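A, B and C are the chain letters, set down in written order, and residue numbers restart from 1 in every chain.
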Amino acid sequence: MNFIGQHILSVQQFERADIDRLFSVADMMEPYARRQRLTKVLDGAILGNMFFEPSTRTRVSFGCAFNLLGGEVRETTGIQNSALAKGESLYDTARVLSGYSDIIVMRHPEAFSVAEFASASRVPVINGGDGANEHPSQALLDLYTIRKEVSGQGKSIDHLRIAMIGDLKNGRTVHSLCKLMRLYNNLYFTMVAPAELQMQQEVVEMLREAGHTVVVTDKLEESISKVDIAYSTRIQEERFASKEEADRYRGRFRLNQSIYTEFCEPNTVIMHPLPRDSRMEANELDNDLNENPNLAIFRQADNGINVRMALFAMILDVVDQVDSHSRSVNWYTNR
Amino acid sequence: MNFIGQHILSVQQFERADIDRLFSVADMMEPYARRQRLTKVLDGAILGNMFFEPSTRTRVSFGCAFNLLGGEVRETTGIQNSALAKGESLYDTARVLSGYSDIIVMRHPEAFSVAEFASASRVPVINGGDGANEHPSQALLDLYTIRKEVSGQGKSIDHLRIAMIGDLKNGRTVHSLCKLMRLYNNLYFTMVAPAELQMQQEVVEMLREAGHTVVVTDKLEESISKVDIAYSTRIQEERFASKEEADRYRGRFRLNQSIYTEFCEPNTVIMHPLPRDSRMEANELDNDLNENPNLAIFRQADNGINVRMALFAMILDVVDQVDSHSRSVNWYTNR
Amino acid sequence: MNFIGQHILSVQQFERADIDRLFSVADMMEPYARRQRLTKVLDGAILGNMFFEPSTRTRVSFGCAFNLLGGEVRETTGIQNSALAKGESLYDTARVLSGYSDIIVMRHPEAFSVAEFASASRVPVINGGDGANEHPSQALLDLYTIRKEVSGQGKSIDHLRIAMIGDLKNGRTVHSLCKLMRLYNNLYFTMVAPAELQMQQEVVEMLREAGHTVVVTDKLEESISKVDIAYSTRIQEERFASKEEADRYRGRFRLNQSIYTEFCEPNTVIMHPLPRDSRMEANELDNDLNENPNLAIFRQADNGINVRMALFAMILDVVDQVDSHSRSVNWYTNR
């Protein structure tokens, strides 16, 4: 994969070598993402941050990543009353908006809408989430986090044991993450979900065909006792027919410090795509884990900056110029 | 007209010489608008992009035009819960907001609200659309597009033949465009609309008094057979009493490739202020026109960037500095 | 108080010496706030302008203040559908968002939410208004305005006579302003409100304990006859059970030019936190005061830029670098 000028629509575009290249650029972004230095490599460039579905975290993360490279951001934050609501096709929206910016991140509630948009766009488009379909930058930052967390323990992604926990049926992020992890060797997956919310059979098959082991279960404690990564997810309430139906599953799998201490190996990394549902009735990951050094959920969010900076830099072909456009930070920072 | 420091509220402010000057600056913006070069002439300046009515395309277009000149954009995207809703007068809003930026673009649902706002503003204000009244930058970009499209055919605006099609009664853009075209010589207008949605008599009179020919009709095919420009418009559903009433007219005039081939002269330019309504029941301009090289609708949107950059540069008096603050683009671009 | 790296959550953090330092930096910002010069001292820095409650004026004021220092702004403008609505705790929101920017301004409808957020944030947080609790930058800009207005008359804040008028019970700004003014000497307060909307007894006590005189009344005319400052406020409709209940008080205290001429001393300064309610039934400050040179309400809003620039510069420790990163303005400005 040649990132330059390309759309990023699906994790299926990535080969293992592509991921390696992306992650090494993401590593290179560390001093800029953490504010030890600043770069103006994209000074003058414009990101069209087109969110046709509300989002705070992903939208702001992409926007900040572009700002951290020195670029400007124009954005939209909802679909109401927009041209799409007046009967405009995605083709037209893409033809118009792609005349305004150098690159576009698009989120849209309909599956495959971003690919349709990209096919008419005159500038590269990154899928920022298209309904139940894909959210590739989330899967990439998850995998980047896994790699970073276990490398401190002298491990690589190959041969890892990972438990995925929660609403595996509706969780877009776990599907995409599985598709990426398929590219590695000899992984051991434990899919922990109520039967009705289990991982789709086709994903399980895909992993098995790629040579990985997949265990399907609805028991939490025993499943997290021998894993490197425990990846918890939220009940995707918005994908259920009603709040009441979602409530039947909310809070089914709760991980807290005492369960962790009793069942997990000492260095098991806890992940979550966020937001975690901290309401009493859900409480997927208890607050008493907040001081656990293996709780990687906020490092995950931080890593999103590195990965998104890397995507922008590679697509816009400025990787080699990042450092030469850099200087030291002249304001207070304790990060 | 001396653009420096002036408000742009209405197309009626423009004489033909003003338009000529504006368009020559818009031409000068071409390499910056198309990303062949970048300029930082407004580095440090702030646009207040105040949209008190939702809009994606116009808002983003103005914002990007300002960014392309090197400036920053602060914006607002709706009227709900704002100070205006707490009983604040436009006078107060203007006094306050004009202390925050160097120039303001304002859209507001009420006719003449932007002029009222501008009269209290301490910085120049551009009307980004005030309800049923005016949207001058749209009319200017339309005329700029007409000039550019026909100049390739060795024609100028004088003596052109133009058909305006659709909801001519409620279409703000066609009214403003007529007011601008009035300044040229010997034009031939064909107004194609159902009787109930025909162009107001006063606009027709204005054009005739200026020496132009105006034919009023409800027949599409014969009207587009001898024109240089076919300018189609959307049924302005939001100006009707109900969706049902709007539906009575939706889809009345449809242009597609086979009609174009059968009736139009070979180089007839197709325009539309966008968004075009591509739903089956409307389909004003069929998608099969998308490959027609005379479909100018997306070049229209692109030209909006040039015209808005020109307005900003002229009002803020930096035209002569644009090139001296420029440099080459250091990232990937295929535009 | 050492501003560097600190959260600004409450006016209670400020001692008189802190205010003096802040105001002298705010004075230093004058040429930048008024566009006589520009500075790029925060070029590359990012403000997270997180408004979880709609606001135009405060949000844009903070954003522009950061832009005027050369920084970038990423923002959010409402709580709907955000992660908070999916059950995310303020702790998590803070851990995530503070990885994206160098400093955060946060507004949130719940009292004390911003302090809770700040305790988990990895970057400094400024309270942009937390429900009925505090809005410290408003109180600071009010006091800065008072100091500036009366200094032209050869007075300082000590010994001033100030009338506060309107909904003193629900008016967050007057509470905070009283807490700041408490730090000065020998002030004379007249609290003008209907009995039901009078200033809380604890605020009155606090002022008296600090040695100030406080008169409580529901008579407007006599109260404004011997004051240096007449500070009018809006009926806080959103804090009442119903619009009808708020309407009972709306318009109770109206100040206009003829009342001013008849009752006030010649140089009485008129202030208001804005927005003023200019609807007929309210009309707190009549429009016929707009030409009165002592109407300071728009200078108040302008001063907000200086004070917010000063807060950013002090917290991010760039005060000493502002001038060395400055240059002249190269575009049209009449401010």
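Definition applied: a contact is a pair of C-beta atoms (placed from the backbone, for glycine too) under 8 Å apart; a residue touches a chain by one contact, two chains touch by 3 or more.
This is a predicted model, so every value here is computed, not measured.
Enquirer: Residue numbers at the chain B-chain C interface: does the shared fraction exceed half, giving same, or fall under half, giving different?
Expert: Shared-number fraction below one half, so different.
Enquirer: Angle of the rotation mapping chain A onto its copy chain B, from a C-alpha fit, rounded to a multiple of 5 degrees, please.
Expert: The superposition gives an angle of 120 degrees.
Enquirer: Distance-wise, how many Å sit between the C-alpha centres of chain B and chain C, to the nearest whole number?
Expert: About 39 Å separates the centre of chain B from that of chain C.
Enquirer: Provide the list of chain B residues touching at least two other chains, using ranges where the numbers run on.
Expert: 72, 77
Enquirer: What residues on chain C touch chain B, complex-wise?
Expert: 35, 38, 40, 54-57, 59-61, 63-64, 67-68, 70, 72-73, 77, 234, 237, 274-279, 282, 287, 290, 297-298, 301-302, 305, 329-335
Enquirer: Mind listing the chain A positions that touch chain B in their complex?
Expert: That would be residues 4-5, 41-46, 48, 72, 74, 76-77, 80-83, 86-89, 91-93, 95-97, 99-102, 122-124, 315-318, 321 of chain A.
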